[in-house]
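Below you'll find the structures, each written out as structure tokens.
After this come two complexes, each holding chain A, first together with chain B and then together with chain C.
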Partner chain A sequence: MISSCLQIEHLNVRFELGTGGLLRRGAGAFTAVNDVTLNIHKGECLGLIGESGSGKSTLGRVVVQLITTYTGRIFFDNVDLSALSSRQLQRYRPRLQMVFQDPAESLNPRFTIEDIIGEPLRLLRIGTLEERRVRITSMLKQVGLTVGMLKDRPGQYSGGQRQRIAIARALVTEPELMVLDEPTSGLDVSMQARILNLLHDLQAKLGLTYLFITHDVGAVSYLANRVAVLYHGSLVELASTQYLINNPHHPYTVALLDALPRFVRGSRKSMSGAPFTKHSEGMTLEGKQHLMPQNSAGCPYVPHCSRCQERCLNERPDFRMLNEHAGVACHYPVDSPA
Partner chain B sequence: MASGAAIFVILLLFSWAGPFLHTASPYAIHPHLLFQEPSWQHLLGTDDLGRGMLARMMYGGRPSLGVAMIGSVIATLLGLCYGMVAGLSPSLVDKSLMRILDAILALPTLVLMIFFAAIIPLDPISLILLLGLVSWPGLARIVRNEVLAYKGRDYILAAKQYGASTWYLARTHLLRSMFPIVIVNATFTVADLILTLAGLSFLGLGIQPPQPSWGGLLGNGSNLAITGSWWLILFPGIAIFLAIMSMNMIGQGLLNRLEGR
Partner chain C sequence: MRTVLSIENLKVVGYKGGRSCPIIEGITFNLEPGRTLAVVGESGCGKSITAAAILGLLPWGFTVSDGRIVLDGQNALSLPPREWRQLRGKRIGAVFQNPLAALNPSLPIWKQVIESAQLEEALTRKTARSRALQLLERVEVPHVASRLDDYPHQFSGGMRQRVAIALALARNPALLIADEPTTALDLITQAQILNMLKRLQEEQNLAILFITHDLSLVAEYADEVFVMYAGQEVERGSVSDLFASVAHPYTHALLRSIPRLTGSRYRLIDIEGVPPSPHSYTRGCRFASRCPRVIAACSATPPPRLGNDSHEAFCHHPHRVLAP
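Moving on to the complex of A and B:
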């Protein structure tokens, strides 16, 4: 039995729209995460993919307790984080860390690198001044930077080096679970590969568990053991990485993988058989998806689904395991051609 | 910026160190020396009571520059605190604070000063407080908007993730991010207050005679313009002009340097 690092049970996150203003009151709420149940195993890298606005980042922020206005339960180390006060949460914060997408945004340009990496230690009151300095310098070396940078400011360095600084800051509290919120999407391609390599090495060396949020299927297939696909806040498919890439079952996953340029897909055959079509099975993912009513009874993917039938309109599919590799939330999953 | 700073330092030295070189009293009346044109005996001439303009200019610089500088510090601190509190408060509190600010901004400074001049004695201390109290709303609004702009940054989120308190965020991240805009605003406020104070003194609402101030000297000179004593107008005018220009040069230079990174 694989032990789990983090368990998410029936997580819902809703954002109220149009707060303030007498006339705009009652504009409704946007459901960013919709009844997600997910298990992150100890020592694995769980990829989380989905298009922009699908709730990936929101989910990540809930996991590190940056967003605390959610319903549902999150178990970390057998403790329900949702039941803890902010003071009690403080004890768990060092063990849950996050790397943000854009290091230009996530590092204060007016702080020195020493201040940046030391900030979690100061705020969480870890160690004495001397111990902190030792930790900061060892972190800097771990992520492939030099001690000479300590007094510099992040603006003097490239995007890749800044992301290394951000990774060092996240690692300095010796976390068990790291949420990586699109850590490579702000970088150029050669840097992406190096950062992914670094993350891979660090995971092996430090026994970290990753929640890797991205829309880059290439990066996911490199780093992740399993992949969860999110569509409009709902978990539509969860499978081990290689299996998912070769045998996507949910129509949305099929569309997502088919939307990739061909060279990334390797040997996978297009579902539609046509070698260079961007979308298979008449899929179009354009349009006003975010305006779609979210509280209707049916499957959220109905407006875009070519396999949609009567049942899909009225009954929301539950997430179920198809086999030992994959689970899907679909009444009529695509059978793999392979 | 360097030349602006140089001019301002010269003005400061002129006002505070000058009297040690030129020891004449700014208050001593010489009935036989009325309206003397600038000459080697009286470098900047004498006024309608025979007082040396050079000494009066030196002593007049002290309240003009001092009140403006300290007033600017007070205004900056007030504006910074008010703006921070508004920006970090919940939406409803923020909105109320901003509407109060609108009300304060709607009051014309000059009318306000005339009102206060009528009810409290005008000495440098009260002028510092008055000018400080009327010139902070602009900065408060800037600071509040900056706070809103910085509040959603990822580095603020990151710090929150380590359990940072609002006070910590305000003290470190926000203050450091806002430092350039605040310091630049403070310099421009000094220039502004020099002009406001000169205007008030010109109208007789600022520094009260016989204590000299540049604005007061200018007002006195303009009343006596009919006597053809051009030096009574020219020198205070130049001093006020240089003070404001140098402060604006410093402000602009700081802006370019701090924002340019």
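Moving on to the complex of A and C:
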């Protein structure tokens, strides 16, 4: 029996457009995450993929409770986080940590590396000064940095090393779940490989659970056990990684895999049989975004879908399990031979 | 075949505090019409500096100290600066990683796209607008007619990059320099933009100098590869030859650091350390300190040239023996 680390039930996140002022009220709202139900298993790495603007970072921020204006329920350790006050949440924060995309922006340039890694301990009042120092140095070693760096500032180091500092900061509170928000996307390929290897080793050594947010399908296939595909805030497919790569069922997942360079895709054949751009008669993904109003009743993928039919325009498909490996939110999923 | 651009033994030096140090040391390549040459390497290897030297955009304190940059049969370094600037403006277009920095936030896009064409001829407002419309249609900006008066901030990242490409191609250049044009974009947008560039290349017989760190894109979109490390060439060849038999350990490591969709569990190669700084360049192979195949000769003498004109590498101990 697989035990779950975190359960997300019917999560909705809406951002009101037009802040402040009586007159601007009612300018409308943007739905960033739309009724997502998801289960993160203990000790797994769940990959979360989707294009920019699909709501994947928002979802990650909700998981670590950086965004608290959501509806729906989030269970962590059998406690509903959505029902807790911010003071009560404080108890859970050490156990939920996050690594951000751009280490140049997420590390305070005026802090020393010791201050940066020690900050969560200071804020959450964990340990005495001496204990904190011991933890900070052991974290530095964990992520492959040296103790000599403690008094330096992040500006003195390269992007890859800064990302290691950010990882050490997230690890220092001994979290159970780490949300990794595009931890490698600003880096060179060789540096990406190093960070991915490090994350893989840390997970094996410390028994961590990851929510790995990225648009890089190659990186997901390297690190993740299961993959969730998000499209315009909706969960469109969820499957174990190997199954998803070989048998994508949602037309959007097919498009994502086909957009990979052949070198990364390997022997996997392009399923649409044509380069992605010609996929839906010359219209680009971005181009078709105008075609569907955001809150329409139909499937959000309709403007780009080559398989869409009458039913898709009027009825939003519910997420359902197709078999033991995969679930999909599509009326007419692609049936690829197993 | 006629070449659009040929770089011959190009050297760039940087000056700091009265001392000079070598940044680019003697690189040579040719680019023909309708072909794509990819310059590949980690950050700090000199790929962007090479592009900047061609564009005359070297940062303060850097100069071309030797070699030739030949565009359309004319050597840039022997032309008067004014003539070189005019030739460059007409024959080279450039696209960079961050389109927001390339676009003026306070001008509607149609004015920006047409700005460089107006240097050549005075256009009436009406023809300028219709020319801008055509240019933006060519880069597949959807619903162009209704978006001509929009400002850059109203476009998504991918659309901005398309606008930047339209701008670069406004004067029908023979050469497009694309410096990491899709690094900031997501996967599908990246594929769309690169496929579009490929189409434009075929339509206009455009030569593209494609600068990237991602060899998986090179395999898909380029004809030739030029791998740089620490300001020098380490391996060069046609895409088919080079990918079939990678010789240099650096190229090999770059390739094996890319996660792929294989069925089995494998470990990515990560190259320890970072490229050396120009101050610490040595006589021997500069990759020696990070190389998994290092032998005694590597740090003592400069690596020999192996292979032939269609695939060459500079290495003492290559993965594969290249036929001379």
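Methods note: the second predicted complex is superposed on the first by the 314 of 338 C-alpha atoms of A that agree within 3 Å, B and C clash if a C-alpha of one lies under 4 Å from a C-alpha of the other, contacts with A are read in each partner's own complex, and residues count from 1 in each chain.
Note that in this section a residue touches a chain if its C-beta (ideal position, glycine included) is under 8 Å from a C-beta of that chain, and two chains touch if they have at least 3 such contacts.
Keep in mind it's a predicted model, so treat the numbers as computed, not measured.
By the touch criterion defined above, A:Leu260 lies against chain C but remains apart from chain B after alignment on the C-alpha atoms of chain A. Of the two partner chains, neither chain B nor chain C is touched by A:Leu322. Residue contacts after overlaying the shared chain place A:Arg169 against chain B, while chain C stays out of touching range.
When the two structures are aligned on the shared chain, A:Phe111 is found in touch with chain B, with no touch to chain C. In the superposition on chain A, no contact is made by A:Leu84 with either chain B or chain C. Residue by residue along chain A, chain B and chain C are tallied for touches, and C comes out ahead.
In the superposed model, A:Arg93 lies in contact with chain B only, and not with chain C.
After overlaying the two complexes on the shared chain, residue contacts for A:Val302 are found with neither chain B nor chain C. Residues 91-92, 95, 153-155, 157-164, 168, 173, 176-177, 179, 261 of chain B are the ones touching chain A in the complex. Residues 51-53, 158, 188-194, 196-197, 215-219, 221-222, 242, 245, 255-257, 259-266, 268, 275-277, 283-288, 290 of chain A are the ones touching chain C in the complex.
Looking at the complex, you find that chain A touches chain B at residues 19-20, 61, 64-66, 86, 89-90, 93, 97-98, 100-102, 105-111, 119-120, 123-124, 155, 169, 173. Considering their complex, residues 42-43, 140, 142-143, 156-159, 185-192, 195-196, 213-217, 219-220, 243, 253-254, 256-263, 267-271, 274 of chain C touch chain A.
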